[in-house]
Every structure is written in C-alpha cells, then in structure tokens.
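Here the chain labels run A, B, C and D in written order, and each chain numbers its own residues starting at 1.
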Amino acid sequence: MADAKFEALLRLGDNALILGHRVSEWCGHAPVLEEDIALANTALDLLGQTNLWLEYAGEVEGKGRSADDLAFLRDAWDFRNVLLVELPNGDFGQTIMRQYLFDQFNLLNLRALTESKDTRIAEIAEKAAKEAAYHVERSRGTVVGLGDGTQESHARMQEALNLLYPYALELFITDEVDDEMAEAGVFPDPKSLEDAYLVAVAATLQEATLDLPEAHFGHRGSGKDGRMHTEHLGHILTQMQWLQRAYPGQTW
Amino acid sequence: MEPEERAFQEKVDADIRIEPRDWMPEGYRKTLIRQIGQHAHSEIVGQLPEGNWITRAPTLERKMILLAKVQDEAGHGLYLYCAAETLGVSRDEMTEMLLSGKMKYSSIFNYPTLTWADIGAVGWLVDGAAIMNQVPLQRTSYGPYSRAMVRICKEESFHQRQGYDIMMKMAQGSEAQKRMAQDALNRFWYPSLMMFGPSDANSVHSEQSMAWKIKINSNDELRQKFVDQTVPQAEYLGLTVPDDTLAWNEDKGGYDFAEPDWDEFFDVLKGAGPVNHDRLEARRKAWDDGAWVREGLLAHAEKKRSAKVAAE
Amino acid sequence: MEPEERAFQEKVDADIRIEPRDWMPEGYRKTLIRQIGQHAHSEIVGQLPEGNWITRAPTLERKMILLAKVQDEAGHGLYLYCAAETLGVSRDEMTEMLLSGKMKYSSIFNYPTLTWADIGAVGWLVDGAAIMNQVPLQRTSYGPYSRAMVRICKEESFHQRQGYDIMMKMAQGSEAQKRMAQDALNRFWYPSLMMFGPSDANSVHSEQSMAWKIKINSNDELRQKFVDQTVPQAEYLGLTVPDDTLAWNEDKGGYDFAEPDWDEFFDVLKGAGPVNHDRLEARRKAWDDGAWVREGLLAHAEKKRSAKVAAE
Amino acid sequence: MADAKFEALLRLGDNALILGHRVSEWCGHAPVLEEDIALANTALDLLGQTNLWLEYAGEVEGKGRSADDLAFLRDAWDFRNVLLVELPNGDFGQTIMRQYLFDQFNLLNLRALTESKDTRIAEIAEKAAKEAAYHVERSRGTVVGLGDGTQESHARMQEALNLLYPYALELFITDEVDDEMAEAGVFPDPKSLEDAYLVAVAATLQEATLDLPEAHFGHRGSGKDGRMHTEHLGHILTQMQWLQRAYPGQTW
C-alpha cells in the first residue's frame, strides 16, 4: 500500500511539476500582459502543489528524499506524469487548451481527494482545489473566448483540441495502483470522474463552438506508470535539472 | 510664462499633485510619456533576463520566488502603462513604439544572465539601482505616476532582498558557487552604475525635469549613494568589487570609484550589446504571434456585448 | 496472361533483373513504388528518433558515430528515392504523399527514444530487424531497387554493431546504466517484432509480391529468424527479453515466443502512437520552412543556365 | 606560455564544438535531403577538429583532462568560443550565413596555423584546413545561390547578414593571449588575417548580390576570453552535457 500510495502521489506531483514547468516557459512571452500575469500565477500554484505532493511522496517512501530530490534527481523513466502535460506549448491556443483539459480533470480529482481517508491528502487537496477552481474558470473562459472569437482563433482552437484531446483520455486509464488506492479510499477511481469530466468538457466546447473530435488514446504504456513518454520530457529535464546535476549537493 | 503655466508650476512647487484632467504644459506631458513609457518597457523587457532562468532554477522554492518576481514585473509594467494612458497614449501605441525602436528600455537588460548567480546579481544590483532611482519618484509631481511608484517600490525592495539572499547562499557555498558569484558581480557592476545615466553635466533634459519634479535627484548623486550602499554589502559577502580605484574618501564621506565605460553605454544603447537583438526579437515575436489571440478575445467580447444589448 | 506479362514473369523466375525501360505490369510498378517509397520515407523519418539524441550524446566519439549514422540514413533515403524515380514518380511527389498521409513509413519510428540506451536498442533491434528484412531484398527482381539494397545492407550491418556496442557498454556499466539498457529492451522488443508485419495469413498482397520477387520471405519466417538471432545476444548482455513465454523449441530448432499486440500495431499505424504527431509535424515543418530555400536555389541555377546559354 | 597556448587551443576547440553542435541540430530537419547530408558532414568534421584541439589543450594544460572532460564538464564561463557560433540556427539562411562567415575565417586561420612552430598544431591544421576548404566552397556556394535566388531568398540572406556580420568582427579582436601566441609564432595574429577575410567576404557578397552592412562589434568582453556570451550558450550546455552531468564518471 505504501508503494501504491507513493506512486499515486508521484502522479499528482509530477503532473503539477511538468505542467507548471511548461506554463512557466511563457514568462515574458505571452500575447497580452494580463495573460502573462495569469500564466505565471497558474505556474506558481502548480509548483506549490508539486511541493506539497512530492514532499508527502518522499515521506511515504521513507527513504529521506525531499520534494527537491524527487523533482531534480529522477530521470525521465521515473516520472509519472501523463503525456498531455509534457507536450510542447505550441501557440497560445494550444497552451490554453492543454491547460483547460488538465484543469478540468484536476479540479474534479482534487475535490474527490478532499474526501480521502488520508487526512494529509485531504488537507492538501482542500487548498489545491480552491486554486484549481480558479484555474478552470480562467482557462475555460479563454477557451470559450478564443473558440467563439474570430475565424482564425476558432480554427486554431479546434486544431489544438484535435491534437490534445486524445492525450486527455490518458487521465482515465487505470491500473493496479489506481485500483488499490480506490479500494483503500485514499484516491478516487479515475474512471469515477470520467462522466463528470466529459459533461463539463462538452459544455465548454459547446459554448466555445468547438467540436469534440473522435479520439482514442492508442498508446500502450502510459506516463502514469512510466512505461511511455514523449521525447519532450527528456528535454524538459535537461533544463529543469541542470544546476542540481552540474553542482550536486549544494545549497541554493 | 503664461498664467496657466505659472499656476501649474506653483502647484508643482507646492508639492500638489498634478492629475490627468489638470492643465499641463505639452513638454511636461511629452517628457512624462517618454519617461513612464521607458520605465514600463523596462519592466516588460526586464522579465526576459530573469525569465531565462525560471526553467533552470535550482530548487522548487527558488523557482517559485523567481516566477513570482517576474510576475511582479509584469504587474509593474501594467501599473505604469495605466499611468501613461492617463496622459493620452494607449498601451498598444507604446508597445508599437518599443518594437519600432522609437521608445527605449533600460540598457541594463541588454546584458545576459549567464549563470544562476546572475539572478542574484540582478536582484541585488539591478533592482538595488532601480530602487535608488525610484524611491524619490514616489514624490514626483504627476499623481498617477507617483502612486504607481509607491506600489512598485514596496515590491522592489523585497526583490532586492531576495537577490541578495541568492548571492549570500552562493558566496557561502562551494568554490564553484563563490566563483559564480564573483563572476556575476564582475559582469554586473559597471552596467549597474550606468543605470543612473551619464553625468548630469552631459544630460540635456535634466534641469527642466527637475523643475517639473519629474526628476528629483541628479544622476551622479544617486550613483554615489548606490556605491556607498553596495560596497559594504559586497564586503559582507566576501566579494571584490571589480574596481582597483575604489577607496573610501573621508572628506566627502563616500567612496571614490571608477566611472563606467560610457562608450560601451552608448554602444549598447545603439543596439550593439550582446543580447539587444534577442530582447527585442523576443518581444516582437510575443506581439506578432499574439495578434490572433488579442483579436479573438476582442471579437468574443464584442459578440457578448452585442448579445447583451440585443437582450435588453 | 498476355505474352508481355508472360515474358516478364519468365525473366523474374530466371532471376534476370527488370530494368526501368523494360516492360512491367502496372501492378508491379505500383507495388514497387509503394514499397520503395515507404522504405525511403522510413529512412528519412527514421533520422528523427536518433537525431533526438545527437545533441545529448555522452562523448565526442559517440556523437560523431551517431551523426554519421543518421547521415547514412539520409543517404539511404536518397538511394531509394532515386530507385523509385526510375519508376516514374518524383521525390517531391513522394514527399507530398508522405506528408498528406497517403504513403506510410515504418511504424517503429512512431516510438520515442527516451534514454541513451534507446539509441543502442534502435541500432541493435531496429536495424537488426531491418537488415533481416533487407538482406533478401538484395535479390529482388527490380534492378535499381536491388542495387540500392546492396549498398544499404553493407552500411546497416555496421550500424547494428554500433548499436550493440552501446548496449554492451550500458549492460556492463553502472546500475543506472543497466537499468536503462533493460528498460530500452523492454520498450523496443515488441515493436521490433512488429517490424516484420502481421502474420502472412492476414496479409493480402504477399502472394503476388512473392511471385514478383518483390518480397522474398514470409513475415513469420523472418520474425522467427530475428528472434532466434536476438535472444542469445540479449542473454550475452545479461538482459531479459520481456516475454515470459519465451522458450527454446527443440523440434522446430527455434524459439517459441509471444506475438506482439497487433491491436497496438494497427492503432499506431492509424496515428495513435505516442509520437506520430511529432514525427510528421517535424517533416512537414522541414518541408514547409524549406520551400524558400528550394525555390531560391532553383532560381539561381536557372539564372546561371540562362547566362551560360546567352554566352554561347 | 603554456597558459596562453591552452587558452588559444580552447578557442579553436570551442568554436568547432559549439558550431558543430548547432549544425548537428539540423539533422533530419533540413530543406533538402542533400543539405541534410551536407550539414551532417560539416558537423562531423567540426566535431573531429574539436576532438583534436581539445585533446591537445588537455595535454598542454597538464592536469589530465581529456577532450571529453573539457567538452562535457566545463560550465559556460569557461568556454572560449566567439558569440557567432553560439547564436541560434534561425532559418536555413541564417545557419548557412553563419557557417560561411565562420568557414571563411576558419580556412584562413587554419592555413596560417599550418606554419605554426608547434608541429602538433601544424599537423592538425593541415588536416583541418582541407576540410575547411571544402566547407567554404559549400557554404559560399549556398550563400551565393540564395543571395542571388528569388526575391524572398535574397531578402532573407540580407537579413541574416545584417544580424550576423557584427558578430563576425569578434573573430579579429585580439588580446594578450593572441599577442603572446603570435609573438611565439604558434598562432597567427588574428588581425593579420583580417584583410584577406574582408576581401574574400566582399567577393562572395558581390556574387550573392548582398550588401555589406555597417557593422560594429560593440560588445565589451568577448567570448574569446569568456567575459561575455549570449544566453544561448547555457542552453546548449544543458543538452550537450546532460548525460555526463547526470551520470558522472561512467563509460559510454
């Protein structure tokens, strides 16, 4: 059970870490100043969540690894994030579509986690769910605004959705870790969130005048169990872990 | 002097704030737009050298602190653009002027951040110099500008402490970290001194700006103050200021120090710094690539407004 | 059968090469174009997973070896496009068909290279499987294709040895390196088995292709041969083939092994692999971004030719 | 003298290393297959030269550092390449213009180095000069072809030249290391190559119908002495040195 909980916590932490990293890449490059500020805000919240999840993961593991150790000293194969969050930013539309597809899941997941039998998890989820609610509000609003904007912005958002939606389905793939955690009442069964997710996404897309593509997550092996990633993750790590790798064991 | 202008100057002299709807001389308006615009652009372009290390920050905490700082800078940009807008120039117009090279940003941001210690040095020295410039501007004559400066100064001093804290960790760290810290000081010392501008003797606009209380202190005065404040901080860190001539001058109660290379200053100003091209190119790309987003959001807002009107 | 066709088939049966100007059935031409084109595209797209590690190769020597290998692949692409061109289809046409999805490339290249050991595994397993497919094709009936295969096979076996050498270093290295090596084998084993295609029982074109000597061996035959060759190599490396059912079968003189997941194969073929999008996008970008270069060089060549003609 | 020679060798090695790295980034992404092959070939030659220069640099230094140690275990501040070679690839025109501006210098420099009083240097230069002659032929030809191609290709090449030419001037900035090495007859004085360089470049640009921009290398502190670099170098190193930093001391 400790193993499964460690794995499940890594999934939470790594999703937040890698998406936070991606979003932070926008810093100083967004299309409007207000978006620059909003993206930085989202990245900050996600990194804060990372810290809490990974810190607890390290404690559950019991090998004395800190949140920083877990973030900066694992190689790609030990990461447990879904592929969606490691995909490149693309244009702003792709970034914001990825954000919405994740935020919507994150909110449902975190709300369910506030009911966790593990009080530490419930507490973290309580705080994080408030942030996620704000994130969904924002990313949803921007998806709607750009989907139902000009012809060009509509086309770009539809393209982003077509690319990203299959990846979103990975969020609902389950394995033994999920089963064990759901049975123990520590984590919700991802499948139990799927209906609510699909309903929420459908409503957003309707407002955004976008069409849900036929989608199929055909990948065998998922980022959740580390059997598969895209090539992008490795490149993220070369940057993210550079200082810790080049100057191991220092204080910063 | 016309009666309007006399009344204006009397208000300024009496430290009464000028507000957007008040009468003001055209030169005052123009100078303010240039100054506030340049300051706003500096906040925006200033995101880039620090943004360069966000993805490489060494710990989660440092990453969050840096991200929050760069976010603050975007916020400062926003305050300042708003202040400038009260003078009748839009944010988009100012942005176009930045991108076409008609308006400048602080030349310090044309220097690269090559190591993590540079992030410390930027906070410690660059924000330190900025604060030195900005604190007096809280008392500037133009109301919106003055109020923006009050908000900005509060955050900036926080940033400077964070920068100094990075330097402290590095200076007390491993040999490599110490070397990084010294290297950063070596590269940022003179560019920081340049931030106060050339000696007032060579500055054309200074006198009028001082009378209008758009400029409060002389460049040399502020530079001296900065050196006097910074040298003991460097000593405390165990780092060496890269100036052989640096010496305490008992008579003036301040340090004697070497002038920066003003030819370099003007070269960089004209575009020949190591990263001028990268900076402007980054902002240009953000602006051009973002056009469809701005248009899309505008079109959507328009649709919603029309729908609302139709429903009423 | 028409007399022309009979004569053609007799030549094929007698192992006389068909050359570009010889009469050939339309089906033969079309099948060859599809097969050679797909092979050429595979060489080109196949540059990408390995290219992904050129900038991260761990030593100067490894970097040069890898670079030379990827360069060879581009060369193989060139040979094959030339062979296909003799059948009346241009390289540009074939490229457009690749980019529009009308022509395929080998599905193996839709798998990512996640660690340096993957570069070893690609050389060892993917090139190993490719050679297994290609060696018999040196005897294929179409002359230009056969000659291209002779050149390619010579280089490929060299590549395979280099890949195996990387695996050896990793397998004999630190714990982390061993883990990387095993991880690479785990991920690339079944996709490599898929490279021979579904069982011939399910393959529609096989029979005719074999009669035309465009295809020499059955898919299952080659797959068996590959497994029999590779399992001892894995054992020598001290790595475990990720197949619990793997066992030596004395009767058939070969290994029994588990079939790959053919649903996965067809999923990836249809575009749902982890990096399908990245691969095609990379090629599309290279093609689109390069349009001005191709046009520029063409225009210059045209100018030079006109000038020469005018001078004559 | 050993110190100056070490520094001067690093300059040769680092220019080749960093430019080789940049060129290798094109692998699989060039506009025509023939260019893909040619660029890979150039990168290969440059990395071969890197190996020879850095190996000798390590010997001169006498601290037992191998070429790989020097390539993979120094941080940005210890690199001695000019800024020109670390600039991003940009479009193909920018890459090929950068290549030509460097190749033309490299050829002149290497030819002069064949006369070095240090026989090891003379030998390496002999081999490298042959490669460089081929590189110039190729990059020069492409600059001419694209400069004198279509209106678009001409405009792009002029833009590339305007951007890059000021950086090329750094190649002729001299310092004490250059002086000491020139005096000892080990390296040519860079200034002594400048006239020939300018003549060659002018001829190429004329044929390419391109205009030499007014240029001025205003940077104080050059990549040659490590006092200045662009921010790009650090990002190159995160990739290039990743494995050696993450798994120190292993055999590959």
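By definition in this document, a residue touches a chain if its C-beta (ideal position, glycine included) is under 8 Å from a C-beta of that chain, and two chains touch if they have at least 3 such contacts.
Nothing here was measured: the structure is a model prediction, and the numbers come from that model.
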item	value
Common touching chains of chain D and chain B	A
Selected interface, A-C versus A-B, where C-beta contact pairs are more numerous	A-B
Cα-centroid distance, chain A relative to chain C, in whole angstrom	36
Centre distance in Å when chain A and chain D are each reduced to the mean of their C-alpha atoms	42
Whole-Å gap between the CA centroids of chain B and chain C	56
Per-residue overlap in chain D, given as positions that touch at least 2 other chains	75, 238-239, 242
Numbers and ranges of chain B residues touching at least 2 other chains	56, 176
Interchain contacts, given as pairs of chains that touch	A-B, A-C, A-D, B-D, C-D
Complex interface listing, chain C residues touching chain A	49, 52, 56, 112-115, 176, 179-180, 183, 186-187, 261, 264, 267-268, 270-275, 277-278
Footprint of chain B on chain A - complex, ascending	21, 24-25, 27-37, 40-41, 43-44, 47-48, 50-51, 54, 67-68, 71-72, 91-93, 142, 144-146, 148-150, 152-154, 156, 239-240, 242-244, 247, 250-252
Interfacial residue positions of chain B with respect to chain A in the complex	44, 47-48, 51, 54-64, 67-68, 70-71, 74-75, 77-78, 81, 91, 116, 166, 169-170, 172-174, 176-177, 282, 285-287, 289-301, 303
Interface residues, chain D side, partner chain A - complex	75, 235, 237-239, 241-242, 245-246
Complex contacts: residues of chain A adjacent to chain C	75-77, 83, 163, 166, 216-221, 227-231, 233-234, 238
